[in-house]
Amino acid sequence: MLQKLMAPLGKLTGGNPMVPGIVAFVALAVIVPPLLAGYWIFLVTAGLLTTITAFGLAIIVGWVGEVNLAGAGLLGASVYVTGYFYRVGESRLNGWPFIPAALTGIIVAAFLSGLVAIPTARFSGIYVMVLTLGLQITLERTLFSFPWIIGGFGRNVIVNRPRFLGVSFDSDLRFFYLCLAAAVAAGLFVNALRNSRHGRAMNLIRTDKRAAAAVGISPWRYKILAFAIGGGLIGVAGAFTAPLYRSPPAIVQFIAFQSLFLLAIPVVAGTRTLLGISSVALSFALIPQALESHHLSPFLLGGIGLIAGTIVGPGGLGGNLLEILQKKKEVAILSALGLDGETEAEVDLTVAPAPAPAPATDVVSVEGDGDEIVLRNRPPRLKA
Amino acid sequence: MAANGQTAVLTTADWTEGELAALETVEDFLPDQVREGTVLRATDVHKRFGGVQALRGASIEVPAHSFVGLIGPNGSGKSTLFDVLNGFTTPDQGTVEAFGQDVTRKQAWDRAKLGMSRTFQANHIDLDLTVLDNLLAGAYLNVRGGVVASVLGFPAVRADQKRANEVARAVARLLDLEPLLEVRAGSLNFGAQRRIEIGRSLMSRPRLLLLDEPSAGMDATEASHLLMLVKRLQTDLGLAVLLIEHFVRMVLDNCGSVTAIAAGQIIASGPPDVVAASAAVQTAYLGVSADA
Amino acid sequence: MLVAAQFHFDLFKFSLIQGVALGALYGILAIALVLTFRMSRVVGFVHGGIATASAFFYWYLVADPTLVSGQSVGGSAWNTHQWPKFPAVVLAVILGAVLGAVFGSVVTGRMATWPRVTVTTFSLGAMLLLAGIASSVWKSAFENVPSPFSEKSTHLLGNAVRYHDLAVVAIMVLLVVSLNFVLSRTKLGTQIRAIADDIDAAAMVGIPVQRISMGVWCAAGALAGLGGVLLTPMTRLGTSVILFVLLRSTAGAVLGGFDSLPLALGGALIFGQVEAQVQGGTFGTIGSGWREVILMTILFTGVILLARRNQGRFQLAEG
């Protein structure tokens, strides 16, 4: 049934994976800003940053197959750490330039994420879930409760929009473009990683750890690496979130339930299409606004998302769409070979030599006790 | 039972031109094969799991450029022995030597670096990826570059990736998978998926292949075709292959040396006709003493 | 900060009962988690959602409409009838049982053969959904929730102790005793334990596995609901609290290996005690951050030990 819904989408994109990406980029960059009023640009910017977070979670959830429940906590850690160093304040640790401050936030998030992966690298599934939840709650009750780092509860802490390379990204529109660039860069990074031997290694680990080990991949090392890279990407999102509101955001955005909400994005979208993840991330940033006006909790969206995602299957919506697109190509190939993927090919069970497609040379046979194993000069086309 | 125990060797004259080219590519890609001596030796391996003594003093040898079969009834410890050889389990007692080094305590991925590769009874391939992507996953050790180099696409990384692609195509050619490279593994039948798994192993530049029941789940005809393929690759690429197989007939007819295991102990080892005639083997399989 | 650590006996006594009550509360949820894990090998995050739903429902029933500050947000404006406490508790527990049964029927039915991590993710989603529904339907702004056992306190060991806390401990003891009785002395209990040991073998000898598993999920849901109702008078009503409590209970269950009820209870009691003592200042003025670190270290160690035991010594062998 899902297939029928997705089929028209498949036709639209014409089967080329790059096309939708380029279309989306053009749409966002050019069409959106003039059309949207100020507040909506702000929301879309937040959506772009959520996309980067979702990419990070996708690496952990989709590529190595672990459920990370500390997504929001890591995001918050990066936001507050970056904000602390970057903001205007009296301590001599305040007032750093944007890039070093951002790097610090990113490293903190990557480090914490990698740290929780170390004891769990050798186990998986439920144990990892519990420990990441532990990290989340610990962050909430330690880092997020220190007033000096989250900027107190007053309004007198200012975090300016960044300025570097001589350019100020102060206006909402300029900051939007900066975040768009960051999101595109993150997407290119993730794509390159996926096609590199490291991405392939992570995927093989998720398929089967032993198979990965048998070709030389250390599952433990890569799990830690995946958590660190994923955490780093979340850190990037956090670093850009710090100046988004021009003051430190409230901790309620980074609590455990938010982790679940964020987790729903790669689960719903699947982790194989970056565009799918981006679309879902943007929706998840925009829809809660609509929900709030009807007094509905955004948790509803997250809950429905997670549940729908688990029912749709491991590929998520994106994976299902990809499957449809690929099936069309495959049907052409398989039918050209005289095979179709569905029916069991017939195997010739007679012992007599079947006419071989290649020029025949002598048939070699081994005799013994009345049984013959007839070896053809090459095996008949093994039916795939 | 073959009368003279000799295996029928298929020579390179039987490959087509395209396949010969592919063979050469793969041969160049693989490391220099061990020509003499022993590639793998396990000595006096004991392993207990909880209350079960899975292996009692098992020993096995794989000479260079040989095709060795490991047979035994269900539950005899074949898979446990493989796990020990491969590095997934550490034995309680005994040693494992590979390529002249003691690897008893080495992890499986370190053994893979030395040139030991292994396939599994059940297919462990990603059904959502194409055949090509599945094969490329096996080339991990042979593409250089850390994360930064890979993402930024340094020339060395790109060259290695290009080469891996070429080799993958050659391997696919040899395994009758070439036209299917862009097809997702999930759309193919079981036999093709098995071959993908073997192909992936080849991509890891092995000098020794451990094949765990490669024909599991196939009927006799498919199984014999697959084993013929494996045997041809073994012969022409110079690999050493140890395989667990349930089709005893196939093993006896094609392997240069056979080892039989039952209840965790090796009950016979040597040329196929000797093993087949062994009373212990017949008892283990047939449950009767062979005096007919 | 640790320099300020010293042992204050009087504070210790004061926090003792509080710690036991807190531990008992964590224990109720831990029992629910362990029971459902043994039945279905799924971490019952959904119990957090059930506890939240029941807690909100109970508050909605018993809150005095005129005093409720959440009224302006539109949630409970339509509650004109203020229910007496005990029937409200019963209704909230019934809600928990119903939610547990619904969830259990999906898990033991359609999802019976799905990978456990997938089903656990589904459990997470269900928790989020329930929390979302509860907080949308019954709006709350961190209300104070009246206890079904009145707000009064009595004296014990020279300290004031709330009736509520005593009641929680009493309920816990009652639960443990009756659970122990059911599990070891009744046919149903034997069947439950058989399923927990080996689900396929139990099915083969004719035990109605799905029916009993669903029954256990239903009972666990009731427990979770009870836990939610008992929890909120000790804190304030809100969605975040429940996840925090759930983690403590999960930690307790983890220490018990998710298999052993007594150990899980023990773990829950330890967590409750440590938390109350550190918070109450028994060990001097250790910052609350350190308390978290201590508790998390216990959790981490427990998980690692548990995983090592269950998955063999860092090996990749099958099984």
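Chains: A, B and C, in written order; residue numbering restarts at 1 for each.
Convention: contacts are C-beta pairs under 8 Å (C-beta built on N, C-alpha and C of every residue); 3 or more make two chains touch, one makes a residue touch a chain.
All values derive from a computational prediction rather than experimental measurement.
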*Based on CA centres, what chain would you say lies at the far end from chain B?*
C
*Which chain is in the middle, if each chain's centre is the mean of its C-alpha atoms?*
A
*Where the centres are mean C-alpha positions, what is the separation of chain A from chain C, in Å?*
32
*Where the centres are mean C-alpha positions, what is the separation of chain B from chain C, in Å?*
51
_Between chain A and chain B, centroid-to-centroid distance (C-alpha), Å_ = 35
*Which parts of chain A, given as residue numbers and ranges, touch two or more other chains?*
210, 213
*Scan chain C for residues touching two or more other chains and write them down.*
316, 318
*Do you know which chain B residues sit against two or more other chains?*
88, 108
_Per the contact definition, I'd like the list of chain A residues that touch chain B in the complex._
189, 192-193, 196-198, 200-201, 203-204, 207-208, 210-218, 225, 229, 272, 315, 319, 323, 326-327, 329-330, 333-334, 336-337, 341, 344-345, 347-349, 358, 361, 364-369, 373, 375, 377-384
*Flag every residue of chain B that touches chain A in the complex, lowest number first.*
1-3, 8, 10, 13-16, 86-88, 107-109, 112-113, 117-120, 124-126, 128-129, 133, 136-141, 143, 145, 147, 150-153, 157, 161, 176-177, 179-180, 182-184, 187-189, 191-192, 195, 197, 200-201, 203-204, 219, 221-222, 224-226, 228-229, 253
*Mind pulling up the chain C residues that touch chain A in the complex?*
43, 73-75, 116-122, 124-133, 135-136, 139, 239-240, 243-244, 247, 250-251, 254, 288-289, 291-293, 296, 299-300, 303-304, 306-307, 311, 314, 316, 318
*In their shared complex, at which residues does chain A touch chain C?*
65, 67, 69, 119-120, 122-123, 125-127, 129-131, 133-135, 137-138, 140-142, 145-146, 209-210, 213, 219, 255-257, 260-261, 263-264, 267, 295-307, 309-311, 314
